[in-house]
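Chain nomenclature is as follows: A, B, C and D, assigned in order of appearance, with residue numbering initiated at 1 for each chain independently.
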Amino acid sequence: MSLRGVLRLGEIAIRVLDIEKSREHYDKRMGLKEVLVDDKGRVYFKAWDEHDHHSLVLRETDQAGMDYFAFKVYDDQTLTNLEPKIRAFGLDVTHAAAGEYPESGRRLIFVLPSGHTMHLYAEMEQTGNTLGTHNPGVLPDEGVIRGFRINRMDHCLLGGVNIDDNVRLFREVFGFDLSEKIIDAETGISLAVFLSCSTTPHDVAFVLQPEPNRFHHVSYLLESETDVIHAADLIGKYRISVDVGPNRHGVTRGATIYFFDPSGNRNEVFSGGYLHYPDTPTLVWDTNELGPATFSQDNIVRESFLNVLT
Amino acid sequence: MSLRGVLRLGEIAIRVLDIEKSREHYDKRMGLKEVLVDDKGRVYFKAWDEHDHHSLVLRETDQAGMDYFAFKVYDDQTLTNLEPKIRAFGLDVTHAAAGEYPESGRRLIFVLPSGHTMHLYAEMEQTGNTLGTHNPGVLPDEGVIRGFRINRMDHCLLGGVNIDDNVRLFREVFGFDLSEKIIDAETGISLAVFLSCSTTPHDVAFVLQPEPNRFHHVSYLLESETDVIHAADLIGKYRISVDVGPNRHGVTRGATIYFFDPSGNRNEVFSGGYLHYPDTPTLVWDTNELGPATFSQDNIVRESFLNVLT
Amino acid sequence: MSLRGVLRLGEIAIRVLDIEKSREHYDKRMGLKEVLVDDKGRVYFKAWDEHDHHSLVLRETDQAGMDYFAFKVYDDQTLTNLEPKIRAFGLDVTHAAAGEYPESGRRLIFVLPSGHTMHLYAEMEQTGNTLGTHNPGVLPDEGVIRGFRINRMDHCLLGGVNIDDNVRLFREVFGFDLSEKIIDAETGISLAVFLSCSTTPHDVAFVLQPEPNRFHHVSYLLESETDVIHAADLIGKYRISVDVGPNRHGVTRGATIYFFDPSGNRNEVFSGGYLHYPDTPTLVWDTNELGPATFSQDNIVRESFLNVLT
Amino acid sequence: MSLRGVLRLGEIAIRVLDIEKSREHYDKRMGLKEVLVDDKGRVYFKAWDEHDHHSLVLRETDQAGMDYFAFKVYDDQTLTNLEPKIRAFGLDVTHAAAGEYPESGRRLIFVLPSGHTMHLYAEMEQTGNTLGTHNPGVLPDEGVIRGFRINRMDHCLLGGVNIDDNVRLFREVFGFDLSEKIIDAETGISLAVFLSCSTTPHDVAFVLQPEPNRFHHVSYLLESETDVIHAADLIGKYRISVDVGPNRHGVTRGATIYFFDPSGNRNEVFSGGYLHYPDTPTLVWDTNELGPATFSQDNIVRESFLNVLT
C-alpha cells in the first residue's frame, strides 16, 4: 500500500582510475562526505540529507564504469517475496549475506537483461542527517552542506541492450511505472526508458546501447535551480570537465548540469521536475524531437551526451 | 509494490460564503483554472500541472469549512480491497456510484475518528496539463501558469478529535507513514500528526482540536522558494489577508505563506521540503520547541495559526 | 556630484530584416511593449520598469545591425558642456532638434573612433512604469511583466576598430570608468573593454574587430537568476536560436543567455554581477583565460560568440 | 561626470554592549570577516566583496547605537571642494588627519541637522575581495562566502529631527536624489526620506524621530532573494531576535529581513529593488498606505519597526 516494495536507488558502486583524485572530486569539490574505507580499499560517501550510512562506493581499478547499482526495498519480507518473481522472470539470483557489503543487510544480486548488475537490500545502518529526530530543526551546522550543496543521490542512467526487457522486469516484477520514453520516430524502437517507483519522474533509466552494462551517469538532487547555478559556478572554478549545461531536460523537466569525474564517469546535479504518480500518462518523445527531449533550452542534440559512456 | 494503493489528495470540497468572491480569489488571484459548474452550482478548479479534471470544489453556503477530502487510489481493485479493511477498523462505509461526483468513478465514503468525511476513488476523467503526452515540451503556453504559479494541490491539514486513531487508520489500513508529529512536552499527547503515502513529507495532517471536523488549510505546491516570494508579493498587492509568512516550517522544512480566502478558509502555498521514504525516521517535536516546529525562521508561536479553523 | 553627467544607455536603434517577425520576437516572445510606430515605419518598444517612453527602435531594411546607440545625460546643461569637449577630442558633432527623434529632446550626434554612431540626449517623454508615483506598490498588474520578465535595457556590446580611443573618450570626456578589460596575453593589446558610468559593471562595452561599426549585442536586465532560467525555458519553447547559455560571465559575473533575433542580431538577458564603483580596481583578463573570462561555468571559448556580429 | 563626488556608505561605527557576543553575531553568524582590533579595542569587519579594508567598526560601551557613519568620496579634491559648501550650509566641519582612523585617509567630520555625526573620506587601504584583479574568476574559495552570504554593506537608516534639512543638505551639497519619501497623509510632513547617490534606491535614509541622533539599522546586500531566505533560516537556527520578515518593502522594493544584534542594534539583509537614476521620479507614500510602504507582502504596520531605535 502507498509507497512500499522497492523504494529508491540506495547505493551505486563506481570504478575510478585514481582514488585520491576521486576523493578530491566527490568530497572536496562536490561536497559528499567520506564515511568509510573498507578493507578492500573501497571508499564510501554519503550526501548530507541521506539517513543511511552511505550511497556511493568508489573502487580503484584500471577501467571506469559501474560495478553495480542497488535499490533499497521496504523490508526483508519484500526481498523474500521478490526473489521467486525475479527467478520466474528468468534471471539468476545470487545472495550476499548481511555484512558482506559494509553496513548492509542481506542482498539479492542479479544481472539485468541490459547487462547491468543490480542489488536489492532491505537494511542499511542508519547514521542520520546530523539533525537528529527530536526537535531536529531545518538547517544542519555550517560546513555540513558544502560544495555543490547536494541533498541526496537521486537516480542513475545506464546504457545497455534489451532495454524493453528491463522495462518489463521493472514494471511487472518491481512495480515501477514507465514515466517517459524516447522512441525512434520511424521504427518506434525504445531508445531510452525512464522508470519511477515513487513520485520522482525517474528512479532509474536505461538508454539503448550496442554493448551491455555501460554507465551513463549518476545524478544528485539539489534544493533549487539557484543551487544548480551555484554548482555550475563551482564546476567552472575547479575546471571540472563539463558535458552539458546548465540546461533543462525535456524528459523529467529537471534543471541540470552534466560533468565528468576525473575517471571520465559522468555525474549530474539537478533540481526540479514534476511529480510523477502511477496515473500520470507516460510521456513519449520521438527522435524528431530529440533535441527538446534532451536539452530543452536550446534543443540541440549532443552526440557526446548520447554516446560517451563508461 | 512501489507507489501503489492510496496515491494522493485528489479532491477537496470547501464551503464558501460567496461564490463570486471565491472565484475571484481562487481563479483570478491564485491562478487556478475554473473547469466546471455543476447542476448544484458547485464550482470546480484545477491547477495547471494536474492531469485530472479538477482538484478543488467550492460550494456556496452560510458556513465556511470543508465538506470532505478525497484521496485517489491506484485502481478499482484497491477500493475493493480497502472497503472491508475500513469496515474492520470500525468505520461505516457508504458508496457513491460512478458519475455521482462529476467526472469521478465510484467512491467509498466514511467518517474518520477525527470527524472528517473522507472519500476514496480510483477514477477521474483526465484532461491533462495542456502539454500533451507526445513530445510534450516543458512549458505550457503563456497564460496557463498565472497568479501564484501553482503547480498542484499537495495536502490538507485538518483539526479534530481522536487524531491518534486517525494515525492508526492511515498507517494500518491505508499504508501511510507517520513522517512527523508534535507532542505535548509534558504528557506526550499527540497534538499534530503528519502522514505521508509518497515521497512528500506529508499528504495529509491532523491537529488536535476540542471539536471534530474542523478545517485548518489546503496547501498548494509551487515550483520554488522564489515563487513563494512572488506569491507573497501578489498576496500583498491584492490585500489578501495573511495569516503567517513568508516563513519556513520546522515540520516538513517547506517555505510557506498562509493566507485566507474571502470566507476565512486558510490556504497555503509552499515550496521545498525533504523527500520522505518509509525508512525515514519519524521526526518528533515537542511543545518546548513549538515555535521552531511551526515557523523556524523566527521561532514565534502564532496563536491564530494554532486556533483559527473553519 | 554623485550620479550626474552621462547616465545610462537610453535608446538603441536596431536594423531588422522583417518587422513583423521582429515584433513577434521582441514583444510577444521577449515581452517588451510596443509603444509607437513612427511615420517612417520604425517601431518603438520599452521594458516595463523603464520610466522613459521607449528604449528600443527597430527599423526594417535589408541588413541587420545597429544604426546608433544613445545615452541619456542628466540635463540639457550637460549636453552644452559636453559638446565642446567632444569636439576637442577630435570628433565632429551634429545636432538633432527636439522632436526630430520621437518623444526626445535635442541630441548631439557623433561617430566614435570605433565607427559607431552615438547620440546624447537629456530629455525623453516619461510615460512611467504603470505603478504611478504616489503609493505605487511593488508589482504591476498581471500581464505587464510577461515573456522573459525583462526589467530594463542595460547595456550594449559593440565591435569595431580603435577601441582604446573609445576608452579614452569615455573616460576623459564622459567620465566613465574602465571596469574590466580583456587583453592579448602576449601583446597586451586591448581586445575588449568594459565601461561603467554607474554602479553596474558596464553600461557599454567594445570588442576589437577588423571592421568598424559592428553590433555584438544589446542586453536586458532580469530580476534574478531564476528568471534567466525561465527566459531560457521560453527561448527553448519558441525555438529561438541560442548562441550561448545559460552560463555565467567571468567579466561582470552576470548570469546570462545569448540568443538571436530573427534577423541575426544578438540579444542577451542576464541577472546579477557585482556593484562597480569608481574606486573598484579595473579587472584585467588575458587570452590565456579567455574561456573563464567569457563563460566561467565551463571555460569554453566560443568562436561564434567572438566572431559573429551584425 | 557620471558616478563621481560622494560614492557610497563606506564605514559605520556601532556601539555594542558586549564585544564578544557581537563578534559571534557579526562574524560567526552573519559571516562578516574580522580584519582588525585597534589600540582602543574597536573591532573592524568587512564583507567579502568589498575592496576596502573594512566597513563596520564596533566599539564596546554601555549604550547601543551609532557613533558615526562615513561616506567615501571620489578623491581628495572632492573633500576640498565639499568643505566650504558644507560650511556654507551652516555646519561646523572638523578634521581628522590621515591615519587617525585606521587605514583611512583624512576626514571631514560634521553633525547633520538630524543630530548624526557624518564623516567624509576619500582614501582607505584596499585589501581586495580575495579574487585578485588579474584573471580574477567569479567565486572566491570555499569559506570566504559564509553565514548570511553577505556581499557588501549597502545603506543605513537613521532616526532624528529636521530630516527635511538633511534632504536639502544631501541634495544641494552632496548631489543626492530623493528617491522616495513617506509623508503624513494629512499634514504632508516628511516622515521618512530615502536618498540615493548611485543607481541603488537608497544609500542613506532618515526617519523623523522626536530625538536627534538615533540609529534604526544598517543594511547588507545579498545576492538573491533565495539568499534572503537562507539568511532567515540561519537567523532562526541561531535564535537571533527577528524584528520583521522575510517580507518585501514597498519603498525600494527590496526583499528583506530585519533582526537585532545582541546589543539591540537593528540589522537588515536584503536583495533586489529597482535601479534608481536621477531622472527616476521621486516616489511618495503617505500614511494611509504606511503598511504597503513598509511591508508590502502583508501591508501590516509594525510599531516596533517604527519606534524601536538605538
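Keep in mind that, in the parts below, a residue touches a chain if its C-beta (ideal position, glycine included) is under 8 Å from a C-beta of that chain, and two chains touch if they have at least 3 such contacts.
By chain, with names taken from UniProt: A, B, C, D = Metapyrocatechase.
In this text the structure is predicted, and so the values were computed from the model without any measurement.
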Comparison of A-C and B-C (more C-beta pairs in contact): A-C
Most distant chain from chain D (Metapyrocatechase) by Cα centroid: A
Chain A (Metapyrocatechase)-chain B (Metapyrocatechase) separation of Cα centroids, rounded to whole Å: 30
Whole-Å separation of chain centres (CA-atom averages), chain A (Metapyrocatechase) against chain C (Metapyrocatechase): 43
Rounded Å distance between chain B (Metapyrocatechase) and chain C (Metapyrocatechase), as computed from the means of their C-alpha atoms: 47
Chain C (Metapyrocatechase) residues counted as touching two or more neighbouring chains: 137-138, 224-226, 233, 236-237, 248, 292, 296
Overall pattern in which the protein chains touch one another (line/ring/star/complete/other): complete
Contacting residues of chain B (Metapyrocatechase) [partner chain C (Metapyrocatechase), same complex]: 137-139, 142, 146-147, 224, 226, 233-234, 236-237
Chain B (Metapyrocatechase) to chain D (Metapyrocatechase) touching residues, read off their complex: 225-226, 229, 232-233, 235-237, 239, 242, 246-248, 255, 257, 292, 295-300
Chain A (Metapyrocatechase) partner contacts - residues on chain B (Metapyrocatechase) that touch it in the complex: 1-8, 49, 51-52, 72, 74, 126, 128, 133-138, 151-152, 174-177, 196-200, 221, 223-226, 248-250, 253, 272, 274-275, 277-286, 288-289, 292-293, 296
